[in-house]
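Below, chain A partners chain B and then partners chain C, in two separate complexes.
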Partner chain A sequence: MSAPGPALPVLSTERLTVRFDGKAVLKDVSLEIPFGQVVSIIGPAGSGKTTLLRSFNRMNELMPGAKTAGTVRFQGVDLYAADIDPAEVRRRIGMVFQKATLFPKSVFDNVAFGLRAKGVEGDLHDLVEEALTVVGLWSGGAEVLDARALDLTAGEQRRLSIARALALKPDCLLLDEPTAALDPAASAKVESIIHALRHECTIVLATSDHTQAGRLSDLTAYLDSGRLMEYGATQELFTNPRNERTESYLTGRLP
Partner chain B sequence: MTDQILPGSHFDAKLTALQNLLLEMAGRSEEMVRLAVNGVVHRDPARAGEVRAAEDRIDQLELQIDERVMELLALQRPMAGDLRFVFVVLKACRDIERIGDHAVNIAGAGERAAVHPPLPEILEIAEIGDLVRRMLGRALGALVNRDADTARAVIAEDKVVDALRYSTFDIIMSYMSHQARYIPAGMNMILAVQNLERIGDLATNIAEEVVFLVEGHSIKHNRSAGHDEHGP
Partner chain C sequence: MSESRGARAGVAIRGPIGAMGVAAALVTMAALILLAGVLLVEAREVLDWRFFLNPPSRVAAEGGVGPALAGSLWLTLIVAAIAVPLGVGTAVYLAEYAPPTRLVKAVESVLTNLAGVPSVVYGIAGLALFVRGLGLGPSILAGALTLTALTVPLVVVNCRKALQAVPDEFRWAAFGLGASRWQVVRDQVLPAAAPDIVAGCCAALLRAVGAAAPLLMLGAVSFTTFAPGSPHDPLTALPTQIFAWAARPQEGFLALAAGASVALLLLMAAMHLVLFANRRRRKGTLT
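Entry: the complex of A and B
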């Protein structure tokens, strides 16, 4: 996998169909995600937002009964080819889940876990502190590193989850409902992190809050019943959607 | 597209209420123009007072629309066609308020002209007045019906207003150049016509906004209807 360039889509799908126990959750989805962009996936509940997100780092295959057809490429490489190591895929394409999956350990251990799993040895403090700085959790005191992750507020836990993904220096970051159940202040902090990261890596987020997609993303994809109904510049899609279903969804008039 | 405002939801009711305020504002400004032109044509200075009195309500409606738009943007976060609608209402509201201002200017010109020796009847002034009022009414009708074709027809009519303005100027100038006593009234007639022409421009602006509302793209400054640049 070579370094991404601006001309090549960093991620792409071609006729991607994902079935769970025979039922198609994603249907023939083809899209390209350019390098260095923030892309939002919006749509009603059950439209396939999370499934599409999980397709980008082969997380669906961990689910029983899942079958993927079509192609998913990362920098032009077929992610589902037999010689591709899923663990390496997940390192290069990090994911932050809707519910923070933190260990009942210290903040330091939570961030260092991924680094150790990757085989990084020695003093990890610099790498951990760098990741915590990006998400605004590092204040220079050891007490932060030693704090129990599960004692943090919901917003801090979400930011810690992002720090854990960032510590691995991913090329892409996938965020599933990054501010779900957070209060406005905590949501604003997470959104400002996403905004600041936009030039560091490509970000794809699935969100039920379409106003968040409007605030954060360069491109927006609208999924409906597993189909990609519309995909394009966020401003255009939000002010003048071409698809009737997109219009109905955005204006709260979906039947 | 689901651009039509559908009855039923709380949000839809707010959009409909906003539209109704705009229609009331447009109706009152149209009446102001009618009164002002009547005052000019019939040399009736009493009309000027009626026009000025009507302006207060226009100003109140403008403030109400501003408040409701702010509330809708802050609390309802309209999207797509709804967002374009709110945006267009805000812009049309400004245009209608300025139409009211121009009606007051016309009424003032009529008031001043009435104390000077009258010019022979100039039918074109009433004709321009009828035309720009009809343009305004059709532009608002196009907004309500989301009718881009009618909006484009309104835009095309602005060329007629422009042509009438110049021919009316010629008529007034010829009277003024033949007899100096016509100059004071003639100057005010020119002012009235100039203001009517601006009302035509503002009705055209509203029609252009309607095309944006319906089709999602702006035709301002690049329109195919062959509309001339607006005057000062």
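Entry: the complex of A and C
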């Protein structure tokens, strides 16, 4: 995979349809995610936000009964081609899940896991500390590395799960409901991390909080019942939605 | 954790359902104490250290469980050495690798059914297959292979449950970080399921150690003057020894049967210790 040119979209889907046991959860979705942008996917519960996110790094195929049709490209390369290693895809396109799901190990082991799986040898401390610094969990004291991940607060756990994905230095970061179930202070911290990360990588986030999409993203996509209803500059979509459903959703009048 | 448990127990004892639970627990414990007490009283005259080493004798007072104890130890070791790797490997394949095809589902349901087959049926199969078919005769090896056939499905069923109890989110988190399937299984799923896997293997082995029926079918000897020194020596084991002594009309042999039962319970208790150690370790590292 070659270096991204600014004009080329980093990620794109073409007529993407994902079915679970025959039931279509995403229908004919075509969109382009430009390099270096923060893109939000909003929509009601069950609209397919998570499934769209998971189709970008081939996580859907881990669910039994999942079938993907259409194409997903990363820097122009078909991600679902036969010769593509899904593990490599997931390293380049990192993901932070809705639940932090940390491993019942130390903070260090959690961040180092992806590096070790990739086969990075030698001392991993620099890489781990770098990732922890980005999410504000590194203050120079070694004791945090040995702390048990499950002893951290909910907000710290979420930030650790972001650090875990960042340690692999992904080109793209997929965030599924990054602040779900966090208190306002912890949410604000996570949002400031996302804001700072936009210079490092392209970010796609799924959120059921559309005000968050408004605060963080350059572009916003509105999904409804698996269909892409509207996609464009966040400010335009929020102030002047072209689609009736988008407007109903944003104003809280969706039945 | 212990605090909330104590609180829960306190609440439970107050209600009528809690009282029934306590009563049930007391009855179970009383039955266990009664059983051990009866065995010890019956066996009081034969139980000394020589009893655990001596071979059986025509004279009841001189008999011992030496060969039978050695036979049971042989059986346990061989069964564990074959059934645990085979069973755990099969469970890992079925739970983590196998696609949910009809064939795989059929294999799973066959294994579940095999785990419930009465042990005496394995005895008949073992007689035909190992004793006669392979010409092993009524040897320790034939007994061990028969008990292995009985144990493997249990190990598979228990370990598959242990693996399925690991939440999928763990697997996704590891896959999401670019791990291969084997890395996910080795580094996350197996460590998380390890305590339940050990417990499942122990439970299956305990069933094999206590099985008398299949070994009787194979032709286990109840009178041998030497302890088996290799897998090709004649098959003898504690459960069959208990059965043989209990069936004799002469005075004194019932005490020997009770003594042999104590020996069998001690062997099983030793295996339970492994479970306890394992449970303590789990408390130390997880949750």
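Keep this in mind: the second predicted complex is superposed on the first by the 255 of 255 C-alpha atoms of A that agree within 3 Å, B and C clash if a C-alpha of one lies under 4 Å from a C-alpha of the other, contacts with A are read in each partner's own complex, and residues count from 1 in each chain.
We adopt the following convention: a contact is a pair of C-beta atoms (placed from the backbone, for glycine too) under 8 Å apart; a residue touches a chain by one contact, two chains touch by 3 or more.
The structure displayed is predicted, hence computed values, not measured ones.
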{"item": "More chain A residues in contact - chain B or chain C", "value": "C"}
{"item": "Contacts of A:226 with chain B and chain C, given as first, second, both or neither", "value": "neither"}
{"item": "First, second, both or neither for A:165, with chain B first and chain C second", "value": "second"}
{"item": "Partner chain in contact with A:9 - chain B first, chain C second, else both or neither", "value": "neither"}
{"item": "Which superposed partner A:113 touches (first chain B, second chain C, both, neither)", "value": "second"}
{"item": "Touched partner set for A:94, first chain B, second chain C, both or neither", "value": "second"}
{"item": "Contacts of A:240 with chain B and chain C, given as first, second, both or neither", "value": "first"}
{"item": "Chain B versus chain C as contact partner of A:57, first or second or both or neither", "value": "second"}
{"item": "Intersection of chain A interface sets (partners chain B, chain C)", "value": "none"}
{"item": "In the complex, chain A residues that touch chain C", "value": "57, 59, 62, 64, 87-88, 90-91, 94-95, 97, 99, 101-104, 113-114, 117-118, 150, 161, 164-165, 168"}
{"item": "In the complex, chain B residues that touch chain A", "value": "1-3, 6, 9, 11, 77-84, 216-217"}
{"item": "For the chain A and chain B complex, residues of the former touching the latter", "value": "210-211, 238-241, 244, 246-248, 250-253"}
{"item": "In the complex with chain A, residue positions of chain C that touch it", "value": "100, 167, 169-180, 183, 187-188, 192, 285-287"}
